[in-house]
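Got some structures for you, see below.
The same chain A turns up in both complexes below, where it pairs with chain B and then with chain C.
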Partner chain A sequence: MVGKKGGSKGMGVAEDAEEELARTPLQAIILADSFTTKFRPITLERPKVLLPLVNAPMIDYTLAWLESAGVEEVFVFCCAHSKQVMDYLDKSNWFGQPNFSVTTIESHNAISAGDALRLIYEQHVIRGDFILVSGDTVSNMSLSQALKEHKERRRKDSNAVMTMVIKQSKASPVTRQSRLGTEELFMVIDPETKQLLYYEDRGDNLKGYLSLDKALLTYNTSISLQNDKQDCYIDICSPEVLSLFTDNFDYQHLRRDFVKGLLVDDIMGYKIYSHEIHSSYAARIDNYRSYHTISKDIIQRWTYPLVPDVQFFGNSATKLERQGMYRAPEIKQSSSSKIGPFTVIGSGTSIGNNTEISNSVVGEGCSIGSNVTIESCYIWHNVTIEDGCKLKHSIVCDGVTMKSGAALEPGVVLSFKVVIGRNFLVPAYSKVSLHQQPIKQDSDEELEYADNSSGITESPSVSGTLDLLNEEERTELPDSQEYEVGDGGVGFIWLVSEAGQEEEWRHSVAPIPVDKLVEIMQISNDETDLPNEDGAFLPPSGELGPDSITNDSNEDAEDIRDDSVIFEREVEATFQRAVEEDVTDDHVILEVNSLRLSYNMASADCAGALFYSVMKLALDAPHDSPNELYKNVVSTVRKWKKLLKYYLSSIDEEIEVILKFEEMCLESAREYSPLFVQILHHLYDQDIIQEEAILDWASEKEGAEESDKIFVKQSEKFIQWLKEASEEEDED
Partner chain B sequence: MPDIERLVNDFVAKLSKRKVEGSQATSRLTAELLRSVVSLQRLPPTNSAAVLIEAVRGIGVKLVAANPVELAVGNIVRRVLHIIREEDLSLLTSKTSDLDLSAASDDERTIDQDYDPTQSAAAAAAKSFLRPPSLHALLENMSDKAVPTNNYTSSSGGDTEEKSKADKLARTRKLKHDVIEAINILIEDIDTSHELIAEQAVEHIHQNEVILTLGSSRTAFEFLCAAKEKKRSFRVVVAEGAPRYQGHALAKELVSRGLQTIVVTDSAVFAMISRVNMVIVGVHAVMANGGVIAPVGMNMVALAAQKHAVPFVVVAGIHKLCPSYPHNPEVCLNDMRSPAELLEFGRFSNCMEFGMDSGAPLQVVNPAFDYVAPELVSLLITDIGGHNPSYMYRLISDYYSADDFDLQGRIHK
Partner chain C sequence: MDFQVVVLAGGFCKSLVPLVSKDVPKALLPVANRPVLSYVLEHFEENNLKDFIVVVEGENAALLVGGWISNAYVDRLHVEVAAVPEDVGTAGALRAIDHHLTAKDILVVSGDLISDIPPGAVAAAHRRHDAAVTAMLCSTPISGPSESGSSGGKDKAKKPARHNIIGLDPTKQFLLHVAAGAEVEKDIRVQKSILRAVGQMEIRADLMDAHMYAFKRTVLQEVLNKKETFLSLRRDVLPYLVRSQLRSELSQNGAVAEENGNSKGVSDSTIMLSQLLTNASTQSFHELYALGSDGSALSPRKTHKCCVHIASKSNYCVRLNSIQAFNDINRDVIGDASHLSGYSFSPQNNIIHPTAELGSKTTVGPHCMLGEGSQMGDKCSVKKSVIGRHCRIGSNVKVVNSVIMDHVTIADGCSIQGSVVCSNVQLQERVVLRDCQVGAGYVVSSGSEHKGESLAKKEKQ
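And now, the complex of A and B:
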């Protein structure tokens, strides 16, 4: 299990050094701080790793997994609310385990994973290869295989500093996010060595395009582009990783800075590899949606043996009943209440008459009144829900009281000890906390720690909370809305920032509303409408992201089509810019040529695409009758004749243009269909298309189906005239 | 007792993380743990048996809670409790009989004739029911115990008190020693249970027979091998035992021992059963009514065997005999294992989208066990021979005390 060769040493190094390394116990670093604000406002009062996940703190899952995977030494890096984390670890007996030592490293000024690792490096506690995870990882994977691969690679190549665990999980084609609510992830992996060559976890930034360095193809015999994988955020690292963080003091984020930094940096030659797991489970709780999804996975037992009815650590035993219902032994349940499938009820909870609970997790010591409906909610410990409340797709933290008749719309988060007033309806996606929302709402990158400068914001006692609130009342902050949560309620509704509102549904515990899905679907359809017009070969779902292309094998026809669609769009955009900004023809030609090279297209494709763009321009110009449209075409063609001519150097290209035009008339720009002959004639007159091209096109179409011959027939007379003219010429 | 606590916590951790697999290994480790508990436990001079019983029971409850699915843990705890009761009882018996024989020679064991009327009464009661004690004896013993043993100390004189103290110490030591001896025998029994069962193989497997088995069980494997070693030639049909497919491993081992082996899928069992002479399977646990808890798929095999009147023979060590009935809500009959054993998570993750409102996501259920009713079991072969399922209650009264059937209940009282 343990490293045979930790450092990057040659064979000459004394053997006992190697033996010594062999005895190093397997170590792991847990970052007990996510350095993000995704779980606000809950994380203002309690660190994320201590939040209950199916009634057990997240960090227990991580520690229990590491212990069973054979890790012997764990360093828990605590930052925000470090005292709470340390107190918990102390109380919960993790420190006293045989063969499993847990040590905490505390810091009050680390604001990112990078800072944390730099600090750990300074402490010189890591002696060999180590596992780097965050304290919100849920997994049951066995590390031995991944470790073995990592060690073997290290022996051959000391530059292989990291192995990243990935697993299959396809992002939704509609929302472009994974089931864990993370952005679609694009990776390029060498299929043979499993080396990671490219990593992009922010699908949004791509805007539908993915650009890879050409060098990737130069140096690798084959690469595979994958977008159906999920990053488990479990990394097996060599000690060099820590020193790399120290050397590059601007590295903050593990993925965005470190991984991408190593991938682009070819001077040092450090390599990152991937290890795919298949049947075992691994995931990280990153946002409310992944909290929801992973909770469900735990209840469905994918994380076995880390499930509620197994006492993996300190969690009280519950009993699994039919249909995935877990009930602790000591609960008071009215006989008229109904508990639906996939529900967990913690011990000491009482449930009143006619109450219905389904797909939910209810913590310990809760009291739930009569006629309450709870659907897909996460109710933590000691919550009081009075009669007639309705809860849907929400998170309710410790000590919350919901007065009778109150209701929660989907996506609500009630932070600690909030009181919701009688008959008050909390609007969808709102977050309610006893704490005031910080006035400065920074970007998403804002760090959890920044607002907890004291670092020891403990969950306040009731009196403490009241003091705090009084204080706030006195200072009367400008934006504050006092107790806007109904009659007798206590708590502030946090305003969602303008930009955030749009995205709120993406990361919420609530399912994505249907109208949102429809909306996105429409947007994506609109986007793909254009290529559909001229290309008509896009898959209907509008999927642009190629699925695991392996370009050593024969490229899928589909992928080539994708390329040509993107290419056409690019050309059109270039042309549009040329029109708007009055770019000279030469520059347009230059740009189109470079596009042609990068997409590996023939010049015929350029001609087709350009022609399409020109016609589109003419069509977009205002017109009332076909006649006016024709005039538009004439003027546009005159203007861009030179450009078109440039690409129409041979008959083939001209034929391509005619075919393209025909396609347009059939599909995207039906207005042109009555004008087909007229325009064709015009193009002939302008010397853009020569008669041979037209004749070739006509003869090519001879054998085609009837439906394809509409335009040939339309232009029959014209062709006839051409033929005669040429014959005449011949006679002359 | 920090030492005991550490040992217990270690084992509890192992059990709860499902790191100990198999009934035999679990039983053995449980017995060993309880042996060290007994030897480390400090006992007061009086009432030592009761203290020991309470200590073992307390630990037993913890162990059972750590892995309620593995019934063997509870069985062994109950066996040890039974051993303590028995030894206590037999100590009294031997003491009274010693009186006549060697009272003068052994100082430590010298006892006044009128020193303890209850003890002699108990001894007398026990005498007539020397081992193996029956249910009747146990019941009588219980009524004796109702009289607390320390009543007499207040009434007796100073001199006798001195004497009796030394005697009690010796008695406590003897009790401990005897219990540990008996647990050693129990451990040995657990170790040899496979051999004892396998010895009976030739009586059951005949020349040119076709035997069907499902999944893999060490007991069944040894049973088959023993018959093979005795020069019986027969064929074995192995149903693979989805989803863990332990049958594959079994088939491999059988072939390496030179047995003719045929592997079939579980679903082909019904098709094969008409050609089979006997079904021999290992099980997870045997219940008090003679029903068995066995790897999933077994009920189907049993039903197929019944349909074709093929004997369904269960081989199980006595440590798998559980004194509870399957309808007892305390008994955890099944273990729902990870769905990952059935299908790969990644490939199906799209069917498990919880973020959408569209319909229910895919559910995968993976129970580990089946319950086979006693009517379907033709014969149960244990260490001590073959029995009818309906005979199990009798075996249970031999090996367990009625007081211990409910471990949990006593703790709460």
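And now, the complex of A and C:
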């Protein structure tokens, strides 16, 4: 039936659409640019997707996976070093595969994933649902299940625009980052529909709690809050995603802007779903740590069939030996050298006497001398390591030469063609490059936006001066300074910014040093202990009843939402400033009036707030006894009488003032309660409050509850006296 | 079982006026002609728990409750009745009877709970994990059994907001977060530290705190003594324990050190064993957290566990805490949840006491109850209602979906729907009541019609 109707267009729209879905070849977009600078300085010379991962460029993993997953058309979006990417693809056999077409899209000015997708949208090449991945994804998951679910949801609800692939992976409770070196991720997922309801990958670590909108629970009786998942950055998207990026031209980042934007926006009602994979592998190389972790996973065959001994593409096959040792056929290895477990040696590499290599990847055409120790390193192609070098937890790029006796401390990255001098010790976490560290962002290199989370950002504002100094030095003495990497060495050691240094160990290839772990643990212990002292931590969602005694902070937090309270505070602040700076009454009135307008308050509110401020002032003045307090009040009131009078144009306002006073006595300023009558009398004497107001107030209170009548009772005599006085007047 | 049961029977609950009065405290309100408290006591008795401390607010109420208990259970149960001042809150009530608590674990149950969930399940969950506190949760009835029209009237629309927000671990054994729905302003604030330790938290809004808790005695006493401002178990003590479960403040003082000593010292070896015994494949997150990430923490962190028992949906579990609930419970106990009533039903699915007298052409439908010595005139019709003892009901009276307590006189031609008529009320001829409550001893004058009203004698306390 499908075949028959395939070509005709004159049928129901829905059916048509459905068929279209079936007909469109499965498309994928690979972003061959991560739009970050985490792999600098390496990425100054080569795009990230072409960096070798266990001796094969990253993008090959991505392409091989997509091909095996049944994707038919791939668009590779190139931006940084686009020429290199395109050249590589040209030379590789990816073009011209049957049933798998690869097309490149080039841009020179895209600075974010958002820009890339907007550009792709303009090209009108995406016709149906597509897979969106970046070119550094390693996976062996089958897409069919996720795609099926996505399409089924789409059929029912056209607003289900995206399905995100997630995988179980618990972030370390200590460092709060996953094994891939990414920040811990908090998600809320509807357990029934798997809809994503909340996504937070850059939580504020200072806050000990997570705030979820209560509205999440209005439609679902049960939601699942997850902290043990990892975002694989594999998204199955509907074509709407592209247009959404175009509509929201400020969307830059896929997660921070797009996903969060959709989750917050409840007008359009677009929905994002999650698909959890259990047995298959999916991960993205985001930083050096994930480079290390994923390399290990590949060597340990979690990514099968994308492993070194299977020729999935471009890579030359190596032979798997016991203990996870892979060796290419043509290597020259001294019989006295030792190759440890989980190590890959590329073809054409020679290894000298008594050299030990373990847990490492060595590329093609390297020559490694004698008595060298290599532990957990990633040595790329054509590297020369002379005798007696020691390498630990480092990345060594193509063409590097390490002169004899040189050593690398953990976390070092040697970029292309660097030469490390004889017996030179490269300090931990240094990055060495032939390029000088840029002091400004280069526009068409990898760029990042202000809110990049990476700790290695070279933000000029922070480290600017330091960098500048060094830079000047360098430019002044270009050659004579002989670089910084030892005798006969070539290369600059990049400085990391102050803040970066702190975080460097987090994303490095080296394991996190023990002392750091201890340090963090201490901090986290302190953190969790902190709230112990402070009961107000977690002003917890109604854990304290409204009538319990310890809810001050709770109340404050709630009240802030209340406009009138803000108004009151503003007025108080204004008044205080007036007191301190000796501002004239007129100016205060002007300011209060403008506040009144902006908060839409009545003049009674102004009167109340001002009165409150005046009384507060009197209260704040030093006093020891109620008597002194009363004196304070008298003097303060005398000083600000004019101001008070200004807002007391009618009885209503005066009543408001009395009510306010009463409230103060009950709550914020209990010291006043014994003085209530005295002060009221004073206010009456000063003509601030007229007797009518007092009488009205008293009669208003008549019907109130007993507890509300304390002050009426207190002032009974005074009221009585007022009444008699007025009667006498009447008689007169 | 080394459990002590504390029944918090309340006093004269304001929300149940006019049903409660000076002579009828909340605990003695009749449900299918038995005081509500008897349901709790007998339910525990069936589960072999026979030692009770019944805490009543107010001396007067305590006398009434004590009097009734000694009459009804003199030879069956060992019940102590303790009076506490009014408005001390649930935590305050426990603080007041502190010296009575001796057992290792304390079961605290609200005296207005009508439920068929075996308390043993709560106790077992509590003991299994050596928990500091175990709470019982039950599913909230989504719409309630209120197909019948009566519920429309006096429902104060409180129900949807009553839900609790509960955070559970994936195994649904531990309580990770608790907040009452009505009290959450806007955001649900979940502690990251707990979430990190557990990995996944399920947040549910469809569970209700059933007000049955098992506490470790030492923990309960310590919290009550240390936190003097805590008034309510539900609002203060339970959230506090849940909040602090991964950085327990307990056990710092001597009283609990001994308790922790025996739980830590012994448990190091027994945890694994008990885990094996209970078929749990992994240690609970508490232990993992306490040991630190790599099992080599510098100092083991102090934790305590908060467990839950979630009653299955088929269980009945409702609290008598509103007039609406009173109506619903009475209807359910003689209707859908008839196994709770303890009576045996006639083939017509109703209970008519042998001494009750019915006039000619009077019909009593299914799900009805007619108490001892009550008389009904001719051509009356009773549907889904409970009628108490020694009532005198005239002819042509219709009673639908209502509760009539004892010694009520109803004259001819009255029609009562969805209402509660308390003891000793007199309804004169042709009174029409719809969704009303009539307080004890009130006289409704003939021919009057009332709808959705609360009628009671003016009594100033």
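One rule holds for everything that comes next: the second predicted complex is superposed on the first by the 466 of 732 C-alpha atoms of A that agree within 3 Å, B and C clash if a C-alpha of one lies under 4 Å from a C-alpha of the other, contacts with A are read in each partner's own complex, and residues count from 1 in each chain.
The definition used in the following text is that a residue touches a chain if its C-beta (ideal position, glycine included) is under 8 Å from a C-beta of that chain, and two chains touch if they have at least 3 such contacts.
Worth saying up front: this structure is predicted, and the values here are computed from it rather than measured.
Trainee: Check whether A:H278 is in contact with chain B, with chain C, with both or with neither, and answer first, second, both or neither.
Mentor: first
Trainee: Would you check which partner chain A:L666 touches, where first means chain B only, second means chain C only, and both and neither mean what they say?
Mentor: After superposing on A, A:L666 lies clear of both chain B and chain C.
Trainee: For A:S172, using the defined touch cut-off, is the partner it touches chain B, chain C, both, or neither? Pick first, second, both or neither.
Mentor: both
Trainee: Scan A:I589 for contacts with chain B and chain C and give back first, second, both or neither.
Mentor: Once the two structures are laid over each other on A, A:I589 reaches no partner at all.
Trainee: Just chain B (first), just chain C (second), both, or neither: which does A:L216 touch?
Mentor: So A:L216 only meets chain C here.
Trainee: With both complexes overlaid on chain A, does A:L495 touch chain B (first), chain C (second), both or neither?
Mentor: After superposing on A, A:L495 lies clear of both chain B and chain C.
Trainee: Give me the intersection of chain A's contacts with chain B and its contacts with chain C, in residue numbers.
Mentor: 170, 172
Trainee: What part of chain A is in contact with chain C in the complex they form?
Mentor: 170-174, 176, 184, 186, 188, 191, 203, 207-214, 216-217, 220-228, 518, 521, 525, 528-529, 531-532, 538, 540-546, 548-550, 558
Trainee: So in the complex, the part of chain A that touches chain B is made up of which residues?
Mentor: 64, 68, 98, 140, 167-170, 172, 175, 179, 181, 278-281, 289, 292-293, 296-297, 300-305, 309-312, 317, 319-320, 324, 511-514, 517
Trainee: Taking the complex as given, what residues does chain B use to touch chain A?
Mentor: Listed in rising order, the residues of chain B that touch chain A are 6, 10, 16-19, 65-66, 68, 332, 336-341, 344-347, 349-350, 352-358, 361, 363-364, 366.
Trainee: Under the stated contact criterion, what part of chain C meets chain A in this complex?
Mentor: My answer: residues 165, 167, 178-193, 195-206, 229-232, 235-236, 239-240, 243-244, 246-247, 249, 289, 292-293, 297-298, 301.
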